[in-house]
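In what comes next, chain A is part of two complexes: it sits with chain B in the first one and with chain C in the second one.
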Partner chain A sequence: MEVTMDPLFLAWSYFRRRKLQQCSDICTKILQENPYDQDPSLFISEAAWSLKTRALTEMVYIDEVEVDQEGIAEMMLDESSIAQVARPGTSLRLPGTSQGGGPTPAVRPMTQSGRPITGFVRPSTQSGRPGTMEQAIKTPRTASTARPVTSASGRFIRLGTASMLTNPDGPFINLSRLNLAKYSQKPNLSRTLFEYIFHHENDVKNALDLAAQATEHAQFKDWWWKVQLGKCYYRLGLYREAEKQFRSALNHQEVVDTYLYLAKVYQRLDQPITALNLFKQGLDHFPGEVTLLTGIARIHEEMNNISSATEYYKDVLKQDNTHVEAIACIGSNHFYTDQPEIALRFYRRLLQMGVYNCQLYSNLGLCCFYAQQYDMTLSSFERALVLVDNDEEQADVCLLYPNVSYNGIGDLTLAYQCFKLALAFNNDHAEAYNNLAVLELRKGRIEQSKAFLQTAASLAPHMYEPHFNLSILSEKIGDLQSSYTAAQKSEDAFPEHVDTQQLLKQLRQHFAVL
Partner chain B sequence: VSDVFIEETLRKWLDAHYDPVAGLYTFSSCVDLADLSGDGESRLVVGDLGSGSSGMKLKVYRGTALMSESTLLDLPAGLVAFFMDLHEPRIPAVAVASGPCVYVYKNLRPYFKFTLPGLEVNSLEQDVWQQAREGQIDPLTLKEMLEGVRKKADIPLSVRSLRFLSLETSDMDEFVQLHKQQPIRRQTVITCIGTLKKSTADEDGVSCLVIGTESSDVYVLDPEAFIILSKMSLPAAPTMMDVTGQFDVEFRITAACRNGNIYILRRESDKPKYCIELSSHPVGLVRVGKNVVVGCTDESLQGFTQKGKKLWRTILPAPITTMAAMDLPTRGFQAVLVGLANCEVQLYRDKNLLSTIKTPDVVTSICFGRYGREDGTLIMTTKGGGLIVKILKRTAAFDDKDSAPGPPLAQSVRLNVPKKTKLYVDQTLRERENGLAMHRAFQMDLSRLRLAAAKAYVKALESSLTPMSSSLTEPLKMNAVVQGLGPSFKLTLNVQNTAACRPVMNLAISFLYDESLYRMRNPYMKIPLLVPGLIYPVETFVECTSDKGISDIIKVFILHEGKSSPLLTAHINMPVSEGLTLN
Partner chain C sequence: MPEVKSIFREVLPKQGQLSMEDVPTMVLCKPKLLPLKSVTLEKLEKMQMEAQEAVKQQELAMKEQSQ
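On to the complex of A and B.
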């Protein structure tokens, strides 16, 4: 005789093993058999219902702490900022408020927002804050780059629709028919229900209603509900209200997550100093907490304070020596501060930990090349090429070869071919356009070179190189006026660039002399 | 640094008056100080340029208040106060130069108007207008003939003819009808004005007016009869002038000219005696003692002797806006005030910077002298129309510090060169030991890489995958920009012909895309003739028809008419559509 397991226990077991679909299926079956509890003391269907909501939530769950994408509306129509121009060192929005210590853009490339490229891609590290609406809507917007999204839609909507697709009979819970007041009285159901509404249905308004009623039922003493309220307010863009809720939750109970949420609020309000203080306060209660340390390091990094960011990343590694982000950031910092051999060690560590992707191999190859370990260079690049999974990465890898062929062995033909290939894979590759222009200029094809530089400049207005090259080129062919305008743009992009300054000085002299 | 400046300024100057909204728009040449009522109190006389087209005024300030104001007919080019007679009480007249005239005011009332003599008129031009008057030629022929005259003749055309030549064909007839009856005159305009003592060097001696004109002449006028005492000519039009000496004894006129030279005229000859050739245009000219200090557009200040020998040159921190002399005869102090575009006024004695005054705005005119009853008063007007009055403290002392420091500061800054790590040393050891093997491995990888790159390149060329075509007949380049949030996107293709001089014709654009995902407004477009060097944006709209949140690549081909293989290809990674179509 077959012994059947209690279906609810089986579902629970599936849930624990993260076989969420099976778990949800079994729960559905239980609920179909007895939709309401016959025996009020057993709570079988209530439990199944709760388990199913959890399973469905887990399917689409994303850590709220980590993900932070600013929508176009938040970026362009920012009403929480007080001053148009913040004081240096107090704002995340003002690029170039460098407190020194980091390498200049001449050594370390910049992102569009004027921050040095980080070693670890995470939301909002790349695109930053566009200056104009036009820039905002034309920023490269593909899945691999962090991009501005409209906050109402974007990822959240897509998650919602994805869950719709898996349920052909319609949603599991019909929110409009739910009696939120009834559920908010039942603490054992209300939490799972809230998470389901918040994460799975992405219906922040109903979630907020539920949370408000539940916290009232708990006599405003339950920190968990306050955090949830804060999360809802945050999602709705009511940052001051969110701050209030998180602060009050912290008074009841010190939780790391609450600190992280609150810091996120402050970052969104563009108060990095307050966020830093908060993190430090959190560290007093939770010494050595990795997420808090990482948060501090990230803020330092975003404020161009690379040296202290590195210090904090090192602290992170002392606590957790497998922290990928910290390793990658320290590695890239070493690379850009002229110590590729140490960067190589860090990247090798990543490889040992099982990170196995195109970017890592590219970095390894570059480090090998600059640390004069030539035998490993090209084989690393080849591996990177094998691991490529889209055209943009392919273009980036293509761009690595000229690094070797042009800088290392002076093989211009190979460099030329590679740049062209990079452009074939990614038409918007400003760096490739810029470098190709330099090669064209060496071949004496001035018109082509000029066209490429103009394209590069229009594709990446934040880069100073195309402007500077265009300026030199125009100066050489005697077009001083264009040279001057281009040099001014270069100066805007990188004010401390000495060559630009010299060129400008030279041009001004030229204009002044009879 | 700024604190030091402020402190230093406070130690030397008293802030007497600052009115940021005085509405005074003027330059140093139109500002003078004079005791206009003979009561021993100096007034500030300003020729206000107004907005440049209207509101020109002659303003007189007494203390901090505007005392009188009278309208000027034209833009003032210069303003001087001078004694024109020997009557008591000694009250100076004010001469305002504007256009071809000098307006002389006495007791602030118009007194006399002197007009420069007309210039010689081209006889051919006169003939042509004569014919027009008699109706022998129509306006179009008149235009042709005048253009012919303009090209050939040595004597330039009159203002009327030049105006006529710039007119549209439709307005010509009216213009001829209106003006043909009047005789043609050619009039020059005054560019600068100065004063020259007649026979005595006294403070209140009678002065002649010295006028520089656009026709490169310098006239000296008799102060009583207003007849031309002397006429001298320069090789170019003067822009600034400095006059010293007495007309009857010996004088010297230093004129900075529009060709970038400075000429020095003396009594004996009507041609320049000395010439200083500058390396850039002069913007300020001030005489200090027997030397001339010139400010140039290349942000430099240069000193010359009165015979044109260069003494020194110093570099300024910003472009010069104006210059004026600071002369304190009671203390035997002479220096040059230089207004700079970075909101500073610097005081130079020879090439040494004595002091710096920070101003709230860029200073456009400076005047130093006796104002009210105070001898050392500095009056400045700003670009925004403000008026600043500062009084030199009696205790102020200017010490010469020769700015000749030792080696430049940058020499002692240590470079941040990272230390070579032990790891690096280890690696170089490895390199030294296994050099051969490493080189072989590298070379082998390199050959493989070259082969792979060449293969891929050939493939890309054969199928024209690259976004630029390298064919000799149609060198083209394209890049694509996608704008919008969806479901409707705007696709802009920037096509550029990179040839040196040859245009490209007969091109078309076609797209390849997944028709279940996208809908394109016009999937086939003709490109107009491409002029080399210009960027042609070709725009179209793409509609995303799917609501699944997926995106795809759209391929763009540029085709030559009659050929099936594309000239170039671009792949556009479409962004995910974030809006949903309303159905």
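On to the complex of A and C.
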């Protein structure tokens, strides 16, 4: 005789083992058999309903602290800024205002927004702030999708609608027919329902309604609901309201998460100093808390203050020596300050910890090459090629080979082929265009080289190399006017570049003689 | 190995002008370490890929039905 397990218990067990699809299937079955509780003392179907909402939420759950995607509208039509030009060292939007002894762009490549590239990408580091509307529309592509027009049309909405499309019977809970007031009275159901609406359906307005009614029902004494209200306000772009809710939640209960959310609000309002102070307050209550320390390090890094960012990352590692972000950032910092062999140790540590992806192997290969451990270089690159996920990564890995072939053994043909390959994989790769142009010029094809340089310059106006090269090339063929304009652009991108300044001086002398 | 006395002697001019020309050369882009992805980002990308796939499949099925 077969003994069957109680379905609800089985579903709960599946949920704990994170077999969410099975859990949700069983709950669906229970709910189909008896949609409403017959016996009011047993809350079987209510429990099944709640468990199913939790399972569905867990499937698409992402850490709200990490999520930060700014749309074009929020970025360009900014209401919260007080002054047009912020004072140096007080804004995240003016990179380079506080040079904390970091390496120059001649050594360390820059991102679009003019910050040195970091060793770690998060959803919010990808974007950066473009200076002009044109740049905003044209350039930043985050995770192979274009930037959304507003954050309300971003990735979450697309994910939400997709999850509804794939469900043939329509959504599990029909939000428009839900009596939110009734649910807000039941604390045991309202929380799971809120998380379902917020994370799974991405319907922030309804989530806000529910949270507002629930917090009223709790007589404004429940910190959890206040934090949720703040999250909703943040998503809707009402930062000051979000700040109020988080502050009030902190009065009730000190929670690390609340500090992180509040700091996120301040970062969005472009008040990095306030955010830093807040993190320090948080550290008073939770000494050595890793997430708070990481937050401080990130802000320093975004303000271009690499040396103090590294200090804080080291503090993070003292608390948690398997923190991937801290290891990666310290490693890349060592690489760009001429210590590839130390960087290699950090990346090797990541490998030991079980990080296994294309980026790590390509970094290992690069560090090996510059630390003169040639035996490992090519095999690391090959591993990286095997682990590639998409075309952009493939292009990036292809670009690594020329470092060895061109800079190392002078094999121009291989370098040329690699650049061409990289361009075949990613048509917008400005670095590949620039390097290809240099090789073309060596072959004597001036027109070709010029065309590549112009392409590179238009694709990545933030890089100084294409502008500088174009300037040299134009000067050589006697086109002094375009040489001058290109040199000026190069100076904008990298003011301290000595060669550019010399070139500009020379050109000015020329013009003066004329 | 016996020491071979070289017949050439190095000459270091002590007088006269030394001229040097600094020609600007083209610069290549610097080697770039690829940033590692955070867990959240990886999950987001994975979810997006899956959602796109699912939508594609569904659209294909709808097309087949209508034919």
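Here is the rule we go by: the second predicted complex is superposed on the first by the 500 of 514 C-alpha atoms of A that agree within 3 Å, B and C clash if a C-alpha of one lies under 4 Å from a C-alpha of the other, contacts with A are read in each partner's own complex, and residues count from 1 in each chain.
Here is the rule we go by: a contact is a pair of C-beta atoms (placed from the backbone, for glycine too) under 8 Å apart; a residue touches a chain by one contact, two chains touch by 3 or more.
It should be emphasised that the depicted structure is a prediction, and the values quoted were computed from it without experimental measurement.
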Using the superposition on chain A described above, determine whether A:463 touches chain B (first), chain C (second), both, or neither. second
Of the two partner chains, chain B (first) and chain C (second), which one does A:447 touch, if any: first, second, both, or neither? first
What is the contact status of A:311 with respect to chain B (first) and chain C (second): first, second, both, or neither? neither
Return first, second, both or neither, reflecting whether A:62 touches chain B, chain C, both chains, or no partner chain. second
What is the contact status of A:514 with respect to chain B (first) and chain C (second): first, second, both, or neither? first
Touch test for A:427: chain B only (first), chain C only (second), both, or neither? first
Quick one: is A:375 in contact with chain B, with chain C, with both, or with neither? Answer first, second, both or neither. first
Chain A residues touched by both chain B and chain C? 143, 158, 162
Listed in rising order, the residues of chain B that touch chain A in the complex are 260, 278-281, 296-299, 418, 421, 423-424, 427-428, 430-431, 434, 437-439, 441-442, 445-446, 448-450, 453-454, 456-457, 460, 465-468, 475, 477-485, 494, 496, 498-500, 532-533, 535, 547-549, 551, 569-573, 575-576, 578-579
Along chain A, where are the residues that touch chain C in the complex? 60, 62-63, 66-67, 106-109, 117-123, 126, 143, 145, 155, 158-159, 162-163, 165-166, 324-325, 328, 331-332, 335-336, 350, 355, 357-360, 362-363, 366, 370, 393, 396, 399-400, 403, 406-407, 431, 434-435, 437-438, 441, 463, 465, 468-469, 472-473, 499, 502-503
The answer for chain C against chain A in the complex is residues 22, 24-38, 40-41, 43-45, 47-48, 51-52, 54-55, 58
Could you please specify the touching residues of chain A with respect to chain B in the complex? 72, 134, 137-138, 141-143, 147, 149-150, 153-154, 157-158, 161-162, 337-339, 341-342, 345, 371-375, 377-379, 381-382, 391-392, 401, 405, 409, 411, 414, 417-418, 420-421, 423-425, 427-428, 447-448, 450-452, 454-455, 458-459, 508-509, 511-514
